[in-house]
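In what comes next, subunit A is part of two complexes: it sits with subunit B in the first one and with subunit C in the second one.
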Partner chain A sequence: MLRTRSRRGGFFARTLPFWLLFVPMLFIVCVQLYPGFYTFGLSLNSMVAGARKFVGLQNYSRFFGSSAFHESLVHTAVFLAGYVSLTLLASLAVVLVLNRKMKFSPLYITLIFIPWVLSDVIVGYVWKLFVDPGAGLLTPLFSLPIFGLNGQPLLIASPPAQLSPNVPFPPAPAMLYLIAAASWKALPFTSLLLLAALQTVPKELVESARIDGASSWSTFRLITLPLILPMILVALFNLTLSGMNGVGMVFSLTGGGPGTATMVLSYLLYSIGFTQIDFGQAAALSVFIFGINLILIVVSLRISRSRAELI
Partner chain B sequence: MQQTSTKRSITFAALTATVALLAACGAPAAAPAPSPTAAPAATQAPAATEVPAATATPAKQATEFVTWYQYDEKNEDPKNDEAVGNAYLRESMPKFNAAFKDQFVWVNQPQQWQKMVTSLVTAVQAGGEVPDLMHTGASALPVFLKQGTVQDLTDWVKAQPWFADLDPSAVQACTGPDDRIYCVPLAEQPNVVFYWKDYFPNGFPKTADEFLKRAAELKQENVYAITYFGSTGFEGDAATRYFYSVIASFGGRYDDGQGNMKLNTPENIKAIEFMREIVQKGYSSDNVFLGDFKEENDLKGIDPNAPRAASFPTGSFGYRYIQPVKAPNGTQYGNDFDPTGGPMLEAIAAGDMAISAMFTGGGAAQPGCHIGLSSFVIPAGARNPDGAKAYINWLMDPANGVEWVQKPGGGLPVNQKLMQEKVFDTPFYKQAAAASAGLCKPWYGSLVRLPEAKQIIAATIFDLIKANPTADIAAALQRADDEYNRGNQ
Partner chain C sequence: MMATYRAFAARKPAARIAANIAAIGVCFIMIFPVFSTLVLSFKQQADVIRTPPQLFPCDTPSEPFNIAACRFFIEGYQRIIDLQPNPQALLGTEVRGRIINTYLPNTIFYSVTGALMVTVLAGSAGYAFSRYEFRGKRVLLIGILAITGIPLLTNLLALYQIVVDLRKATGPLFDQLVANGALTRDTARLLRDWQDRITLVCIYAGFFLPLSIWIVKGFFDTIPHELEEAAFIDGASPAQALTRVIVPLAMPSLLAAFLLTFVGIWNEFIANYLIVGTSRQNLRSVIVGVYDLTGSNLINYQVLAAACVLVMLPVIVVFLAARHTFFQAMLEGAVKG
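Then we have the complex of A and B:
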């Protein structure tokens, strides 16, 4: 009897971690896997007269052939290129300054981190108010000839002549403004990552390089940058993923306009799903975006792992 | 021993949590999605005579009757854009509840107007809480029919005594391709042109050429000849307003009558060339493209430093939002936002503001415009369709319906008998009726995927007249046609 009890106790002791993990795993299944598979199923269906009808890959072929999709791909690429590079460069500049011993450093860090606590939608509305034609703080600035808007309000200013009707490039001023707003919002988090990395760079290495006569630029390029590169890569992929999926700021700042000049993939998805109420096609597009995200995550993990092995 | 017991407890707790989570996870899937059979089932609803009326035997306990309006009776802000509708609900809800004491208690759940259709579709599909009645435009019907969102009301509607008095074209707009009636129209909201008479002393121009000539003269006076909603915001709603008024008044349309988009026509090209000219020659201000209804300020003329416009093609209900206003002769109507929508009506009554049909262009015989229909739908899965039907019957009584048409309806009555009421014998209603009589049609024609169509059309026309004013019009319109029609295959 005692042995039996002991055995049962051993079974529970051995399997308890499994059971404890099982609950959170089930939670993930409920809130991620189940909706994921449901979305995939939805992408193969379409609503016809109130009934769901299996249409195979029709939803995919429809958006792949759609000019709105092609256009939004270009917009997304432009947005990501601008957003990621501007945010990384600005963050790098900020952390290089913050890393120095200065008076009131904690205050500067606190101030810089304010945008982080604001929601995308709020940031979008605030930046929209900045350029309101009637009362915007920045309106007089953007009306200067140097910006070339010819007196037009920034958010509806026409883009420069495009390469072709099918290639919406160069971007409209509203897209550049959206990039600036999104970078401002992302700056604190990226700065935090880079600042943490920068503070792990051994001071001895920097000092010995200086003693050996290396310039500031050489020290940064040959010592600091390689050491913080893994974190830059993390920040890069983080920014790419958030830029790819974020819809709040586009929603509140430009609404995808003027025309379709800031219609990025995530906003197109919102638009197809919740404006056009075509859940099948929206699901197909979200599966496509998921695929891109997955590729980015795998590449990110591979690079991080190979960097870790090198170090 | 105690340790084993503890582990067993933990395991038990984990399993309990697992079962709870599984139940929670499965719940949405278990919710009954509306099937196509749901709609016909609704036709089994009680016939007209069975609908509880005010005089019927009171039920033991009043049941909730839930509506979705874009109005919020709890919002008492007189400056709110929807103050007219908000105030109307605040006053009419107690009246309805008194009339149906012990039968129904009216509960309103306010919604954002531009999200209402999506909210209802998703609520029905997810098996969530749906209202018993939703106030909506008849243009939402194709979406509702595709998604199986609303109930078939044919048998009930046709059995009502007021059915014969409804404008047949309005009933047609509420009829699906299966010849079944899915909504009950109450008010017609034709698109008309509001204009300051001082700027058009000889009346509003009859042709596009006359308009351009006058626009050039007004420009010399620093007055923009026209303002309009030209933004691609609000899900492409511009396609239903000025863009359509011009296209229709040039003899054009958006469809081929067979469900396909057909923008690339000579009439539409001429209309877009005209709209381009308006922008290029500076006959409208940049406010028209900003969205958020900033273009309305141009007609109001309150701010002396803001652009001033002479005319504004928009829905007849626009009078409620465009206020206070200041006539070119300096007479100001209203000092603040008036919840009754009175200032514009006063300006019209005083003869400073007038209402006209759009001018014609491109050799078209007569102007055209979109007509919106303010109507009611009963969603699939509504818990209290009897309450909804009792409410519609209550509104068809002139004692209640006239006020509804005037306020939340914001237009002309679909029930022709109501048009004979004295309250509609005013300059505003007379001019609006004259400016739209027999001219206006729903913008979408035979198109079915209206939200998509609106976005494509608005973005294309915006691009051609604002963003890329040198682009090839025919090529851009053909691209738009191909984009939409791909979804028809």
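Then we have the complex of A and C:
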């Protein structure tokens, strides 16, 4: 109907969608697309004496061959594995509790979601204050022998002996603490996704299974889990993306340290680009991270059927 | 069958209590870090550096906790605000704390302006996507959806370089105008600052736009076309239809776009830090200001905690006031978009 209306109107009315979309698209092109190509251009150049010089793929070969990159890959993999699995498992546990009809459910949900609106950097400070060697409330707990810190402050304790000389594994205590803090921050959003999915599971289905004598574990495994699996995958991709690109908490909590023990790729990008001022190599790393982001997004778009239906 | 059901139902009270206890436990874990920071921000130095650390500064030599003996101070906030007497200023005192007199107003400016821009642009684009059919719509929508997931990080180097290039492009112009006497040196500095401010807000707007377009478009899809057509049939001009019918109907989604962007920009750190954090210190956002506090090792923890509380409190209040909007918008953005 609107279409016939606009077809009868003048030039402006006929091209109204174009004008409505022009400025928003301009913003997206300027902030998202153009810088993307610009970064690719930067990655093919090197700054020599203040002037840009075309060096082809040299930045890539130098960077991907560097030990800093290899080490950071392992840190990122450890961080992502811990962050994604811890957040998913904890969120699943939380929503299974919250899904029950309780008098104070709205209050619980509201309180649980507060960390979601907090800044990564501030969350990093809040958690850093917890383990401060002098004033941290959790310091007495973590100095118990069971944690094996031998009196060292948690954030600067050296990592355990490496399994192999070139692989920084097992991770430093600071990395585990970073994972815990990041998961705490990500838990509300992930829970919101899972809770929304859980509430679409028909109650009768679960209850009739229980009445027929299925245990709660098998009801969960055979009925609930398959139904919320698509949303778990959406959450998994969301978490991997945010974990891959989040850098604020590393800034305030560990600063990449102790040594380079929490130097994940996103922080390495900052470190190479803005402390070593090597834009060429940092751009090569940007392109690498962008490629991973792109793969994650394409796969998640394919998986998420609700998105495809909407278009 | 019935007996089994009764048995199942009878198990419920115990299960309900257990679920409530578990839920309270989760709430405690999620709230405690924020709460303990709030308490820390009101401690005095002597209580901050005590070992072993105490959550509440309420112990006496004889008792571990006595509510009458609590020692709360606003020293941390005083250091952040840093009131100094100044006969020239209003009320005879001036706020010397950079966080309060510069960084916090900056953050408010970035958040409000950016969120307003995003709301208007997302409303415009969302309306076009929802109401019109045109060639390339599907491709554009999928493109925007894909961009929604891409964080700012990988574009930062280029954005930094673009801002530097922009400064280089306009710098000589300003210099020339100052040399001609068309601008005073102070006005030129102000214009340079505003150029960076506006660039930064535009970067934020472009970054938060895709998600908001999806939220607003999804909402427009649920509003029947007939409502606007009725307005047209009743003789409304397009402008009247827009202001009297379309905008009021779309208000919940526009509010959602505004709030999500507001909180997003409020919490943004890395772009502000890299683009203006070192080169234009008076344009820093409050979070960059807090990050800078810790650069000097002399920082006291109650001061850092007070700064953290000042940053966290506004967004927590906004969230609590509009939590339903947040939940719906975020689900819309994450699940469908």
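Basically, the second predicted complex is superposed on the first by the 287 of 311 C-alpha atoms of A that agree within 3 Å, B and C clash if a C-alpha of one lies under 4 Å from a C-alpha of the other, contacts with A are read in each partner's own complex, and residues count from 1 in each chain.
Definition applied: a contact is a pair of C-beta atoms (placed from the backbone, for glycine too) under 8 Å apart; a residue touches a chain by one contact, two chains touch by 3 or more.
Bear in mind that the values here come from a model prediction, so they are computed numbers and not experimental data.
J.: Taking the superposition as given, does A:129 touch the first partner, subunit B, the second, subunit C, both, or neither?
T.: second
J.: Check whether A:278 is in contact with subunit B, with subunit C, with both or with neither, and answer first, second, both or neither.
T.: first
J.: Once the shared chain is lined up, is A:121 touching subunit B (first), subunit C (second), both, or neither of them?
T.: In the superposition, A:121 contacts subunit C only.
J.: Tell me which partner A:104 touches in the superposition: subunit B (first), subunit C (second), both or neither.
T.: second
J.: After superposition on the shared chain, which partner residues are touched by A:16: those of subunit B (first), subunit C (second), both, or neither?
T.: After superposition on chain A, A:16 lies in contact with both partners, subunit B and subunit C.
J.: Tell me which partner A:70 touches in the superposition: subunit B (first), subunit C (second), both or neither.
T.: Neither partner.
J.: Determine, under the contact definition given at the top, whether A:242 touches first (subunit B), second (subunit C), both, or neither.
T.: A:242 sits against subunit C, while subunit B stays out of touch.
J.: Which holds for A:231: it touches subunit B only (first), subunit C only (second), both, or neither?
T.: second
J.: By residue count, which of the two partners contacts subunit A more extensively, subunit B or subunit C?
T.: The partner making contact with more of subunit A's residues is C.
J.: Contacts for A:36 in the overlay, against subunit B (first) and subunit C (second): which applies, first, second, both or neither?
T.: Touch partner of A:36: subunit C, not subunit B.
J.: Does any part of subunit A touch subunit B in one structure and subunit C in the other, and if so which residues?
T.: 5, 13, 16, 20, 23, 27, 30, 34, 38, 134, 274, 279
J.: Which residues of subunit A touch subunit C in the complex?
T.: 1-3, 5-6, 13, 16-18, 20-21, 23-25, 27-28, 30-32, 34-36, 38-39, 42, 94, 97-98, 100, 102, 104-105, 108, 110-123, 125-127, 129-130, 132, 134-137, 139-140, 184, 187-189, 192-193, 196, 210-211, 213, 231, 234, 237-238, 241-242, 245-248, 251-252, 266, 269-270, 273-274, 279, 282-283, 286-287, 289-290, 293-294, 296-298, 300-301, 306-307, 310-311
J.: Contact residues on subunit B for subunit A in the complex?
T.: Its residues touching subunit A are 1, 3-4, 7-8, 10-11, 14-15, 17-18, 21-22, 24-25, 29, 33-36, 38-39, 115, 117-118, 121, 125, 143, 145-149, 231-233, 235, 286-287, 289-291, 294, 306, 380, 449, 451-452, 455-456, 459, 462-463, 466-469, 471-472, 475-476, 479, 482-483, 486-487.
J.: Considering only the defined contacts, which subunit A positions touch subunit B in the complex?
T.: Counting only subunit A, the residues touching subunit B are 5, 8-9, 12-13, 15-16, 19-20, 22-23, 26-27, 29-30, 34, 38, 47-52, 62, 65-68, 133-134, 152-153, 155-156, 158-159, 162, 165, 172, 255-261, 271, 274-279.
J.: Would you pull the subunit C residues touching subunit A in the complex into a rising list?
T.: The touching residues are 1, 4-5, 8, 15-16, 19-20, 22-24, 26-27, 29-31, 33-34, 36-37, 40, 48-53, 55, 121-122, 124-125, 127-129, 131-134, 138, 140-142, 144-147, 149-159, 161-162, 202-203, 205-207, 209-210, 213, 218, 225, 228-229, 232, 238, 263, 266-267, 269-270, 274, 287, 290-291, 294, 301, 304-305, 308, 311-312, 315-316, 318-320, 323, 326-327, 330-331, 334-337.
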